[in-house]
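What follows is a single structure, written as C-alpha cells, with notes after it.
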Amino acid sequence: MAERKPLLSIRNVKKIFKTRDGELEALGDVSFDVYPGEFVSIVGPSGCGKTTLLKILAGLLLKSGGAIEVDQANFDPAREVGFVFQKALLLYWRKILDNVLLPVEILKMDRAPMKERARDLLKLVGLQGFEQSYPKELSGGMQQRVSIARALIHDPKLLLMDEPFGALDAITRERMNLELLRIWEEAKKTILFVTHGINEAVFLSDRIIVLSARPSRMVQALDINLPRPRTLEVRTLPEFGQYALQIYNSLEIR
Amino acid sequence: MAERKPLLSIRNVKKIFKTRDGELEALGDVSFDVYPGEFVSIVGPSGCGKTTLLKILAGLLLKSGGAIEVDQANFDPAREVGFVFQKALLLYWRKILDNVLLPVEILKMDRAPMKERARDLLKLVGLQGFEQSYPKELSGGMQQRVSIARALIHDPKLLLMDEPFGALDAITRERMNLELLRIWEEAKKTILFVTHGINEAVFLSDRIIVLSARPSRMVQALDINLPRPRTLEVRTLPEFGQYALQIYNSLEIR
Amino acid sequence: MKTLALFIRKHYTRLLTLIAVLALWQIGVMVFEIKEFILPAPLTILAQLFLPRYASQHRWLTHISTTLSEILLSFCVTAVVGIAAAILMTWSRILRQIISPIIILFNSLPKIALAPLFLLWFGYGIVPNVMIAFLVAFFPIVINTFTGLNAVDEDLLDLVRYLHASKWQIFVKIQLPNSLPYIFSGFKISTTLCVVGAIVGEFIASTRGLGFLMKSAQGYMNTALMFASLLLISMLGVGFFSCIALLERWLMPWEES
Amino acid sequence: MQKIVDAIKRHYQTVLVILGFFLVWQFSVMIFQVREFILPSPLVALEHLFLPQPDANYNWPVHINTTLYEVLISFAFTSLAGVAIAITMAWSKLINDLILPVFIFLNSLPIIAIAPIILLWFGYGILTNVLIAFLVSFFPVVINTAAGLNAVEEDLLDLVRYLHASKWQIFMKIQIPNSLPYLFTGLKICSTMCVVGAIVGEFIASDRGLGYIIINSQYTMDTPPIFAALILVSVIGTALFELVALGEKLLMPWHQTETEI
Amino acid sequence: LTKVNFQLNWKITADHAPYYVALKNGWFKEEGLDVNIIIGQGSGYTVQVLDSGKAEIGISDAPVPIKGIAQGAKIKIVGIIFDKHPNCMYFWKDSGITKPQDIVGKTVAVPAADGHYVMWPAFAKQIGIEPDSVTFVNIEPSAKVAALATKKADVVFELYTGKPFMEKAIPPDQLGTILWSDYGFNAYAHSLIARNDVIEKNPEIVKGFLKAAYRGWDFVLKNPEEGVKILSEYHPINQTDYLANLMIVMEFFKTDRYKNYGIGYIDPQRMNDTIELVGKYMGIDINFKPEDAYTSEFLPDPPYKFEF
C-alpha cells in the first residue's frame, strides 16, 4: 500500500485551546499518513487529544499548526466522510429512523430508497423494532449503535470513529467488530478508529497510532501484520498478545 | 456475610415502559440481595435493563412489580447513596469543582471543608488543574471522571455505578479500578457496579449478577472467591480466567 | 381519547376559574351596590352581548370579524417576519448590528405616541392596523427565536457541519427544532401583543372593530358596552393563546412523557 | 485587551447604526420636506432639549428623573414578580391552570383602554405608574421563565433527585440556572416594554415625566418636544436593554458565544 | 383649610389657566380651601371620580353628567364655563364645503369617544341630514391635525379652540371652519360639576370654590399673557401655543349672557334644551326634573361680568 498516495497526510498537527486561564496544548505534534483502504486505530490516555484530532480532520476544529493533506482527486471530504461521535448525539426530536436518515437529507440524497437501507443498518446494529422510537426511549448502548448506523447510511469512504463501541457489552461489541470488518472489507472503506480497547485495536487495525498524554506526541506507530480476514481465532495467535503488550507498554510511558 | 441482614433485597422486580406503540418489558424479573460491604457487579447485554434497575433502586423510576427492601435501620437512602450515571451529566453552567460539590449543597453539608475534599477527589481521578474549567472544556473521559468524583464527595455508603469507566483508556481504567477498591475497602462501602468489562467485573467483585437480554432475567449470580485485597496479580490466577469464561458463556445465552 | 379527556380536564379548571371570577364580580357589584357606569356587573355586560335588542344594534359580528382578522393577519406577518429577522441576524453579524439597535429603540417607544405618524404612513383600514399590531408584537418573536437559534449545543451542530451542511440546512434540521420551545414562548407572548396591537391600531384610526366600538362606548358613557367589548377582546386573546399552546403540543410530540 | 477592543468595536458599530438612523431621519425630513407638525427633524427636536426656548421652559431633568425612576422601579419589580410568578406556576400545575388564563386575559387588554378603571382604583401617582408598567411588561418574563423552567432535560433532574433534593433545591440548582437563557430573553423584552409601560402610565396617571410632556404637547401639535422626549425614551430603553445584556454576560460566563442581540 | 380635590376634564389646556391663577394667587385659600388640581381623563372619568367620592368638584362636558345623573350619579352642574358651544368642523376650503349640509357623503375623522361624535346625531337632525350620511373614522385625538392636513379625511371634528393648531398644518386662508353653534346647536358644553353630598353638607365649599374659580377666569380674560405664564409654572407647556389657544377660548365668553349675568351663568331654558337633547340622542330616559341636574345658587354674587 505504501507506494500509493496517502488519503490523508497529517503533518505536525498541533492544537492549542484558549481558555480563560491561559492556553491548553491539546495536541502537541502529531504526524502520520492514512492510505486508502487502511484501518488505522488511535489509542492514547484520556484527554490526550484523540477527539480533537478527529474533529480537526473532519473540519470541525481549526488546527493551530501543521498541515493536513487530503487526496482530493480520489476523495470528496464533503460527502464521503462518516463520523461516529464520542457522545451518541441523537436529535431528540427525531425518531430513530429519521435520526439515521439525517446525513441523507443533508447530502440531499433520495430519501425513499435510503429508508430501506436505514432499516437494514438498524437491523445490523441490532435495533430492529425501534425505528419509530424516540432517542430517550433507548438505553445508552442502543443510542450509540444508532449513531453508528447514522455514520454508515451515506456509505462514506472515510469513517472517523470516536470510541464507537465504548458503551457496548462484550458480546455485542465483538459482533459489531466483526460487522465493521466485514463492511470495511466489502466496501473498501478507510477507517480511523479511536478506542480504549487495546485488544480491539490490535484485532481490527492495520496500524495503531499510540499517542502520549497531553501535550500529545505520537509515541508509536505500530503496523499490525496479522492475517486477513481476521477471525476470532486471530486472538489466540502469540503475535496478537505481543502486539497488545507492546501497545500497553508504550501507553504506560506518560 | 450471609448471616447479616441484606442492605438491599431485590425481589422479582419488573419494569414495563409504556410507549406510544405498546408496552416494553425492560426488566423481566430480577431478584438478588446485596449485603453491606459487598461489591456486586451487574453485567448483561446492551438494553437489558441495567440502567433501569439502578434507577429503580435509586428511586428515580417506579417499578412495575416486585419488591425492594432496604435496611433502613442501618442505611439512609436519602443521604447515603452515590450514583455515577451512564452519561457524565455535568451541569454546564458550573465549573468542575462546583459540579463535584453539587451533592454537598443538596444535602446541605458544610461547603467549606468539603471543598478540600473535592480537590482531593479530583486529584484522585487525575484532574488536578481543571477545578476551574467548565465541563465543555473537558474530554469525554475527563467528564466521566468528574462524575465519579461527584458521586463520592458525600461519602455515601452505597455506590450505584453505571459503567463508570466506559470512556477511559486501559491504563487510567486500571488505576481507577485500584482506587475504587481502595476506597471501598477503607470506607466499607457497598457498591453496585454495572460494567461491560467482564475482566473488570471479575477483578472487582464479590459477586456478579448476569442478566439476560430483554426481557431480562437473572441468568447467573456468580460468587467470586478470589483473595482480597486484590492486586494486579490476581488476574494471572487460573480461577480468574475461569470466572471470566463462565460469565462470557452465560452472557452468550440470549 | 386520552388526550381529549386531558384536554377537557384542563379546560375544566380554566372554565371554573372564569366562572368563579365572574361570580365574585357579580356578587361584589350587587353587595356593594356599585353603579353601572363605574363597574357594570357581568350579567349587565352579557346582556349587551346576547340580548337581541342590544346585540343587533352593536353589530357584534362585523366588529369581531374585523378585529379577529386583524389579529390573525398580524400574527402571521409577525411570525414570518420575526423568524426571518432572527435568521438573518443569526447568519450575518453585520445585519445583526444593523437590525438590533433599531428594533430595540423602536420597541421602547409607546406606539400610541406615534399616532399621527402612523396615520400619515399607513392611513386607516385593516392593513394599517395589522402593521401597527405587527410593530407592537414582533420584538418578542425576534429575540426569542434569535436566542433559541443560538442556544444550540455546539456538538449538535458538529453533527451536520462535518457533512458540509449549508447554513439553511443547519437552520432547518438542527437549530429550528432545537429552538422550538423558545419560538413558542415568543409566539405566546406575541399572541396577546397582537391583540393589544390590533386594538391600539383601531384606537389610532379605524372605522370598525372592537376597539372602535369601545371608544364610542366610552363616548356614550356606556360602560356595560365597553366592558362587553373588553371581554370579547380578551376572549379573543385567551382563545388565540390556547390555539398556539395546542399547536405547540402537536408540533413537539417528543415532549410527551 | 481583546475584550476591550471587541467591546469598542461592538459599540462603535451600534453607534454608527444609530447615527445612521438619525441621518436618514434628518435627510428625509429635509428632502421630502416633511412638515414639522408631522415629523420634526432630529436637530429641531434635540435643539429643544438642549437650548433654552423663548416660550417654553420644560425643566427636562425633572421629567427625565421621574421617568427614569419609574422605569427602574417597575423593571426591578416586574422582573422579580415575574420570576416569582413563573416559579409558582412551574411549581404547581393547579396554580398554573388557575392563573395563566387570568394573565392572558389581563395581557390581551390594551392598558390605555382600561386606564380609567385602574385610576379609579389606585389613583394618581408613581405606584399606579409602576402598576401599569408591570401590567404591560410582566407577561414576557412569566412566559419565558416558565418555558425555561420546564425545558430541563429529565436526566439532569435525576442527578439531584436521587439525593432527595427538595423541590426548592431542584429549582435553585438545576431549573433556574438551566432556564437563564430563557429568563434573560424575557427580561430583555421586559426591559423595553417596561419603558413603554412607564410612558403609557405617565400618559394616563401623572403630571410629570417624559410621557406627560408627550401627551401635553400633543394637544398643541408641538412636535419638537414630543420627539425630543421620544428620543430620550428610546435612549432609556436601549440603555436598560444593554444593562440586561450585560447582566446576562456576567451571570452566564459559560455561555461565551459572540452572538447576543 | 378644607381639602378639595378638583378634577379637570382632560390634560392641561389653556382654559385651565384660571384655576392655576386662583391657586397661585391664594384665592382658593381666601375661601378657606386647600385645592388639589387633578389632571383629567375625559368627561366620563370626571363623573366617575366625583360619584365615587374621590373628588368634590370637576369639569365635564354637560351632556355627560346629565347622562350620569340619569344613571344614578349623585352630582349636579353648578356653573358653566364656555357660554357658546365650541364644537366645530374643519375642512380644506377647496373641498367645496360651505355649509354643514355639504358634508354628506364625506369622510369625517373624529375620536369616537369625543363629544363631537356623540353629539353629531343631534346636530345632524338639527341641520336636516341623516346622521349616518357621513363615514366616520375613529382616530386618536393627537392625530386630528394630521388626518386633515394629509387629507386622510375630508372633515375633522374638533373644538373651535383648537384652530391655532390646525393652522400650524394648514394655511389659515385654506382652512375652512363651521362652528356648530352658528347653525343653531345651542347645547351647553364645559361646565363645573359638584357632588350632591358636598352641596348639601358643605355648600360653602362649592360657593367658595366657584368664587375663586370665576375670579381666576375674570383675571385670565383680562390678562391672558399673565394667565398662560402662571400655567407654565405648573406644567411643561409652550406659552405661544397656549396663548393662541386662550385667545380663541375668550371668543366663547364674549356673549351677551355673560356680559349681562356674569361668567358662569346658567340659562334654565338652555339647560332644559340640553337635557332634552341628551335624552333624545344618548339613548336614556330623563327620569329626573331639570332642577335635579343643576343649580345656580353657588355662582359668585356679585357675578364677575366680562366686558369686551
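Which chain is which? They are A, B, C, D and E, in the order written, and residues in each are numbered from 1.
The working rule: a residue touches a chain if its C-beta (ideal position, glycine included) is under 8 Å from a C-beta of that chain, and two chains touch if they have at least 3 such contacts.
The shown structure was predicted, so the numbers you read here are calculated from the model rather than taken from an experiment.
Colleague: What chains touch subunit D and also subunit E?
Modeller: Touching subunit D and subunit E alike, sorted by label: C.
Colleague: Fewest touch steps from subunit A to subunit E?
Modeller: 2
Colleague: For the sequence-identical pair subunit A and subunit B, determine the rotation angle of the Cα superposition and round it to the nearest 5 degrees.
Modeller: Between subunit A and subunit B, the superposition angle is 180 degrees.
Colleague: Farthest chain from subunit A, going by mean C-alpha coordinates, please.
Modeller: Following the centroid criterion, the farthest chain would be E.
Colleague: Between A-C and C-D, flag the pair that has more C-beta pairs in contact.
Modeller: C-D
Colleague: If you average the Cα atoms of subunit B and of subunit D to get two centres, how far apart are those centres in Å?
Modeller: Here subunit B and subunit D have centroids separated by 50 Å.
Colleague: In whole angstrom, how far does the Cα centroid of subunit B sit from the Cα centroid of subunit E?
Modeller: The mean C-alpha positions of subunit B and subunit E differ by 84 Å.
Colleague: Just the number, please: Cα centre separation of subunit C and subunit D in whole Å.
Modeller: Taking the mean C-alpha position of each chain, the two centres sit 18 Å apart.
Colleague: For subunit D, which residues are shared contacts with two or more other chains?
Modeller: If we look for residues of subunit D contacting two or more partner chains, we find 37-38, 120, 154, 218.
Colleague: Mind pulling the subunit C residues that touch 2 or more other chains?
Modeller: Correct list: 38, 112-113, 116-117, 120, 203, 211.
Colleague: Enumerate the residues of subunit E that touch no fewer than two other chains.
Modeller: Residues 42, 44, 48, 52, 142, 145-146, 150.
Colleague: Taking the complex as given, what residues does subunit D use to touch subunit E?
Modeller: My answer: residues 35-38, 53, 55-59, 63, 115-116, 119-120, 123-124, 204, 206-207, 212-213, 215-222, 225.
Colleague: Tell me, which parts of subunit C touch subunit D in their complex?
Modeller: So the residues of subunit C in touch with subunit D come to 10, 13-14, 17-18, 21, 38-39, 89-90, 96-98, 100-102, 104-110, 112-114, 116-117, 120, 139-140, 143-144, 146-147, 150-151, 181-182, 184-185, 188-189, 192-193, 195-196, 199-200, 203, 211, 214, 226, 230, 233-234, 236-238, 241, 257.
Colleague: Under the stated contact criterion, what part of subunit E meets subunit C in this complex?
Modeller: Answer in residue numbers: 42, 44, 47-48, 51-52, 64, 67-68, 71-73, 109, 111-115, 117-118, 135-140, 142-143, 145-147, 150, 152, 282-283.
Colleague: Which of the residues in subunit A end up touching subunit C in this complex?
Modeller: For subunit A paired with subunit C, touching residues are 55, 58-60, 77-79, 81, 83, 85, 87, 89, 91-94, 102-103, 105-107, 134, 136, 154.
Colleague: Can you list the residues on subunit D that touch subunit C in the complex?
Modeller: Touch list, subunit D to subunit C: 10, 13-14, 17-18, 21, 37-39, 94, 97-98, 100-102, 104-110, 112-114, 117, 120, 139-140, 143-144, 146-147, 150-151, 154, 181-182, 184-185, 188-189, 192-193, 195-196, 199-200, 203, 211, 214, 218, 226, 230, 233-234, 236-238, 240-241, 257, 259-261.
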